[in-house]
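Sharing a structure with you now.
Each chain gets a letter, A, B and C, in the order it is written, and its residues are counted from 1.
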Amino acid sequence: MPQEHFRHIGKSACRRGARDKVTGQAMYVHDLEMPGMLYAKVLLSPHARAEIVSIDLAEAKALPGVKAILTGEDLPYLLGLYMVDKCILARKEVRYQGEPVVAVAAIDQATAKKAIALVKVDYRILPAVLTLDEALEGKILVHQDINQLDYIKNVFFPQPDSNIASWNKTIKGDVDKGFAEADFIVNNEFSLPAVAHAPLETHVAIAKAHPLSKLVEIWSSSQSPFGVRQMLSKAFGISMGDIRVVVPYVGGAFGGKAGIHLEPLVMVLSRAAQGKPVKLIATREEEFNQLPSRAGMRGRVRSGVTNEGKITAVEVTFDWDSGAYADYGVNVGRAATYSGAGPYEIPNIVVNSRTVYTNKVFSTAFRGFGHLETHWVMERQMDLIAQQLGMDPYEFRMKNILHAGSETISGEIITKYSGRPDQCLEAVAKEIGWTGWRSPEARDDAFKTGKVRGKGVAALQKAPAIPSNTSTSAIMQFDDEGNIRLMLGAVDMGQGSNTVMAQIVAEVLGMPLNKVRVIWETDTDKSPYDWSTVASKYTFMGGNAVIRCAQDVLRQMKELAAQVLHCPVDELDHANEQIFHRQHTHKAIAYKDLGMGYTYENGNGIGGPIIGRGVYMAEGLTYLNPQTGQGLPALDWTFGAHGVEIEIDVETGDITVLKIASAFDVGKVINTKLCEGQIIGGVLQGLGSAIMEGHKFSPDGRLLNPSFTDNKIPTAKDIPTQFVPILVENPQADGPYGARGVGEHPMISVPSVIASAVYDALGINFYELPLSPEKIALTIAKREADLKGQQSALQKE
Amino acid sequence: MLSEFNVVKPQTVEEALTYLERKDHITKVLAGGTDLLVILRRSLKMPDLLLDIKGIEETKRLEFTSGVGLFVGASVTVNQVADSEIIQRKYQALGQAAQTLGSYQVRNRATLVGNICNASPGADLAAPLLVYEANVHIASKTGRRTIPLTEFFTGVKKTALASNELVVGISLPDPSSGDQSVYLRQARIKGHDLGIVGVAVRLTAYQRFLVAISAVAPTPVRLFALEESLNDQWNSPEIAVFAGEEIQMLIHPISDVRASAEYRLHIAGVLVKRAVALLTMTGGT
Amino acid sequence: MKVSLTCRVNGEGVCGTIEPSMTLLNFLRHDLKLFGTKEGCGEGECGACTVIMNGVAVNACLVLAVEAENTEITTVEGLSCGGELSTLQSEFIKQDALQCGFCTPGMLMSARALLDRTSDPTETEMKEAIAGNLCRCTGYVSILAAIASTAKTEREGEGRK
C-alpha cells in the first residue's frame, strides 16, 4: 500500500466520551434511576452441589416493601448460548457455590437485603465434582440430563453420560508419521487457575417488563445488546420485536459482559412486580462468586522435533475446567482447536479440546478467549523444547514461525497480507537486547547476590472467534450545520471504538474530526445492528462498515450535486466539506447544503435528507469440519510477541518486571495513543494472571477469595518499570486502511514470557500459574535444600 | 448496604463510657471505621449503636514528651502516625509500618488504636508497638487502667477489653538516642495488601534486641526466646543468619488463603535475617 | 430514626435528613444525585468512591454520612470551575489517562489530594497516592503521566486548579 498522508488516520485524536468521564457526567447503568424503580437482591447457594429440599419464603414475603420473590420453580426456562443448560434461578439442584437460588425485588436495597436474610432454604448436600480428573472420571454428573440438553449441533459435541460439555478436535496431517520422523519427543503438562475479569463496574441490569404489554425494556452494562435481545427472545419465547436493550457507558467488561447474565432475572422480576422497573446490581462479592470467570485449564502436550529444530508433530489435549454451566466456555474450547498451537507451522497435529463441567463458578468469554491459556501451554513447551535441543529459544521460534505460504492448523494459507509474527518477535528481542539464555555459571554467580535477572521472549496469535456470518452496520445523517451523526451497534466500553470510527469517517469525508459526532448509547431499537463487541473484531469490521457508510454518503451527495451542477457524477470531487467539479472548481456545493437535501432558489427541494448506511459481513468464513477442525474460521490474524527483562529476589520470590516490550502487527494504526493504551492495559492484565491472580477453592468447592482483599489485581505499584509498546504495520489488504484488531492480544503470552525469563534467571521451569512470590521462593528454597542434601551426601562418601 | 443503627458522638470520655455501660444496647466503637464498616457490611447482625469517639479531645492527641515518651490517642489516624516527624526519627519501625497499612485513602481514616483493637493476627502496627513496649490506656466507669500491649491481645480478634471499656490511647516509652528499629513486611503484591508476615526488630542503644512478629500466630507476638538468644550473641558476625534460622523453630504459622504455613515460616526467616542485618550491618543480605 | 446532616459539598451548603447507617457514598449518590462518585466494591479496596473530605482523600464507602457533619467534601463534580475543565481533568484527557472511565472520578480525587499536599511529587509518591485506586483498563502509565504533567503546569503557575 502506498504511503499516504492522512489527516486523521494514525493520529492520536482525543478519546470520545472523555469529557463526560472526567467530569462525572457519564452515566453508567450503575447510576440509572427510574420512577418507581425496585431493587433486587439474590440469595446465593452456600454449597457446591446440593439438592434444594425446600424454600420457605413466608417471612420474606410478609416483609413490607417486598414486591416480588422468585425461586427456580417459578421459572421453567432454560438458557444457554450454545448448550442450553442453565436455569435463571437454580431448580431442584444447585451446581456451584454462588449460584443464585432466590431473588427478591423490593422498594429499596435495605428491604431487599432484609428479605433475603429472611429466606430459609433447606439443602441436602451432595458430593461435588471439583477437579478435572474427578469430572473426567464421570462418576458424578454435574448435569444428570446432559443427554437431553439442547445444543448447536455439528459445532459442539457433548459426550453422553459424561461431564464433557463439548469435545472439539483438529486433526491435520498424520501425527504418527510426524512423530516417527522426529529425532526426539517432548512431553509436558501445564495448568492455570480460573481468573476473574474484575471490571470496576460490576454487572448490573434494569428491566421494565409489564406482564400485559409484552414489551420488554432492558438497560444493561453489556457488550452484547443485540445478543441479549436474541437470547431473551429464545429463552422466553417472546418476539424479538417486543424487546429493546439499551447500553449506555460501560465500566469495563473484558469479555465478562458478553452474552447474557443478569438480564433474564431482572426481566422476570419486573414481570412479577407488575412491570415496575427492577434493578439488580451485583455486589463485588457476587461479581467474583456468582458471575462467571475465565476457565481454569490443563494442557498436556507432546511435540516431535528434529535435531535441526523443526517441529514435525504435535499432539495436545486442552482440558478446560469450565464450571457448572457451558455459557461461552464451550466456544473457548472450540476456538482452541484452530488457534491453540501458537503462530507456528505444524505439519501434523491433533488437538483435543474438552470443555468440562465441574461444580464451581462457571466460565465465560475473557479477553483472549482461551488464547492466554493455550499460549501458556504452547509457549512454555516451545521453551522446553529449545532447552532440550540446546538451541536459543528465539532461533527455535523463528525456525518454525508462520510466514507467507505457511498453512495454519485449520488448513488456512497465510499470505503476505496476514501479518508478520517474525517481525514482532525480532522487534521485541532487539528491544530487550536478547542474546540467548545465560549460562549456568552466570546464573550461579548472580544467585549469590540474592537478586537475579533474566530475559525471555514469547510469540502469540489470535483471530476473532466469531460465527462465520457475523456482521455489523453503521448509519449516519447530517444536520443543517453539516455535522454528521454516526450511529453504531458496537459498545465503546473504553477500548475507544467510537473514537476510531469517528476518525475513519472524518478521513473518508475529508472533514474536521469535531464535526463527526458518534451517538454514545447503543439501543437495539435505534442503533444499527452489531453482533457483539468482542473478539477484537470491531476496528476491522466496524471500520469497513463505516468506510462504506461514509462512501455511501459521498455517493449520495455527489449524485445530488451532479443534478444541481449539471454534470456527470464522476467529474465531482470532495474536499473542505464541499462537493466540487474537478475542473471548474468554483462549481461547488457545501456538505451542509446537501446533507438535508438541496433547495433551489425558487424553493424547489430535492434529494434529502441524506442517510448513509454501510454494512460489513464476514466474508468467506466457513464452519469447521466436525471431525478434523479444518476450515476457514479466521477473519484476520493479529500476530504479536513480547520480550521481557525481570529481576527476582531469590529469598522472597518477588518478581520485578524491569522492561516489557510488546509488538503487534496491527496492519495500520488508526489512533496511536488508544492503541498503546490497549497494549499497556492488556499487558498489565496479563501480568496479573502471571503473578498474582486466581480463584481459590476450599476442599468442598467454596470460593475462598470473593473480594479484592484476597483476589488481588495489579495496582499502580505493580507496574513494570518500563513498558515499550511497538506497533508493526504490515497492512491487512481487506482491513480499513489496512488495520487489524489488537484489543485482546496484549494479554496473550504475558505469563509465558515471564516464565521464560524466570527460567533464564534461575534455570527453573514453572508449569503452573500464578508465579506468586510464594511459589517462586519455595521452589528455589527446595532446590537449594536438595542441592545441600546432595552436597553433604557427597561429602560423606 | 448497612442496616439500621444509631450513631452518637460524645464529647468526653465520661460521656462515651456512659453509653458503653448500657446493657440493653449492643454498642460498637467507631474510630476510623475502615475495619468496622467492612465487618458491618458483611454481617447480618447489626449493633444498636455506634459510638463515634472522634469528638473526644483526649483521643486526638499525638504528643511526644522528652523523657516520658509518645502518646497516640485513639482517634489519631495512621497517616498522622506515618507523617509524624518524631515517630520517623525515634520510632522508625512504627513509621515504616504505618506506611504499609492499606491504601493512602484508608490510612487517612484508619486509626492506630483501631488497628490494635481489631486485633487481627496480622495487625500491621502491632509488631512495632510491641518492640517499643507499648502500653494501652483504658478507661471505664470504675477508673483508668494501663496494661502492656503484650497482655492486650488474647486471641484471634480478641482483646482484654471489657464491653464497658474504652481505649483512649497507646503510649510508648522514650527510647534513648542510638536506638534503632526496622519493620519489614511481605505481601502477595507490591500494592496494598494484607501482610503475609510482618516483622519488627529493635536494637536499643545498649545492644538489646526486641523482636515482634505478626500473622504467624493467633495474635501478634513478642519473641522473647529469640531475643534472649540474640542478646547472648549480639556481637557475632553470623547473628543475622542465626536469627533467620532460629525464628523458624519458634513459630507455628498456619496456612490460609493468603499463604501457606511453609511460606510464612520461610519468609519470617528471611525478614528477621534482613532486619537484624540492617540493624547490625553484619551478615545476611 | 433519621437524623439531620449539614455539610458543604463542592462549595455549596447542603442539608439532608438521613438514616444514621447511610454511608457518605450513598448520601452523595442517592440523596444529592451526584453520581460521579462510584461504588466499585463497598469495602475500601478499589478506591472508585474516593472523595476529598476536609482536605484528605477518603473512601466514601467507609465513611458514614453523619461523620461528614460540618465537613467540606469535594467530589469529581467539584473539580471543574466556572464551566471549564481544571488542568487535572484536561491532562487526563490529553494523556488518555482513562478508558472505561469508572475508576476515573476516584482517581482524579486521589490525584487532586496528592497535588494539594505536594506540588512536586516523586514517582513513588504518585504511585503511593493512587495505589488504592484500582484500574483494570489503562495500566496506570498514562494516569501517572497526567498527574506529572498537571503538577508541572500548576508549579509553573499556569492552568486552572
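Simple rule for what comes next: a residue touches a chain if its C-beta (ideal position, glycine included) is under 8 Å from a C-beta of that chain, and two chains touch if they have at least 3 such contacts.
Everything quoted here is computed from the prediction, not taken from an experiment.
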| item | value |
| --- | --- |
| Overall pattern in which the protein chains touch one another (line/ring/star/complete/other) | complete |
| From chain B, the most remote chain by mean C-alpha position | A |
| Comparison of B-C and A-B (more C-beta pairs in contact) | B-C |
| Euclidean distance of C-alpha centroids - chain A vs chain C, Å | 30 |
| Rounded Å distance, chain A centre to chain B centre (Cα mean) | 43 |
| Computed distance of Cα centres, chain C from chain B, in Å | 29 |
| Multi-chain contact sites of chain C, meaning residues that touch two or more partners | 42-43, 45, 128, 131-133 |
| Shared-contact residues (touching 2 or more other chains) in chain A | 709, 715-717 |
| Sequence positions of chain B contacting 2 or more other chains | 1, 3-4, 191-192 |
| Contact footprint of chain C on chain A as seen in their complex | 12, 14-15, 17-28, 30-31, 197-202, 249-254, 283-284, 493-496, 673-674, 677, 680-685, 707-709, 713, 715-717, 719, 723 |
| Chain C residues touching chain B - in the complex, by the definition given at the top | 1, 3, 19-23, 26, 42-45, 47, 50, 56-59, 61-64, 66-67, 110, 128-129, 131-133 |
| Partner chain B, residues of chain A touching it in the complex | 109-110, 113-114, 117, 450, 651-652, 654, 691-692, 696, 704-705, 709-710, 712, 714-718, 772-774, 777-778, 781 |
| Chain C - residues contacting chain A, complex | 29, 34-43, 45-46, 48, 75-77, 79-80, 85, 89, 92-94, 96, 98-105, 108, 126-128, 130-144 |
| Complex interface listing, chain B residues touching chain A | 1, 3-4, 44, 186, 188-194, 196, 257-260, 262-263, 266-267, 270, 285 |
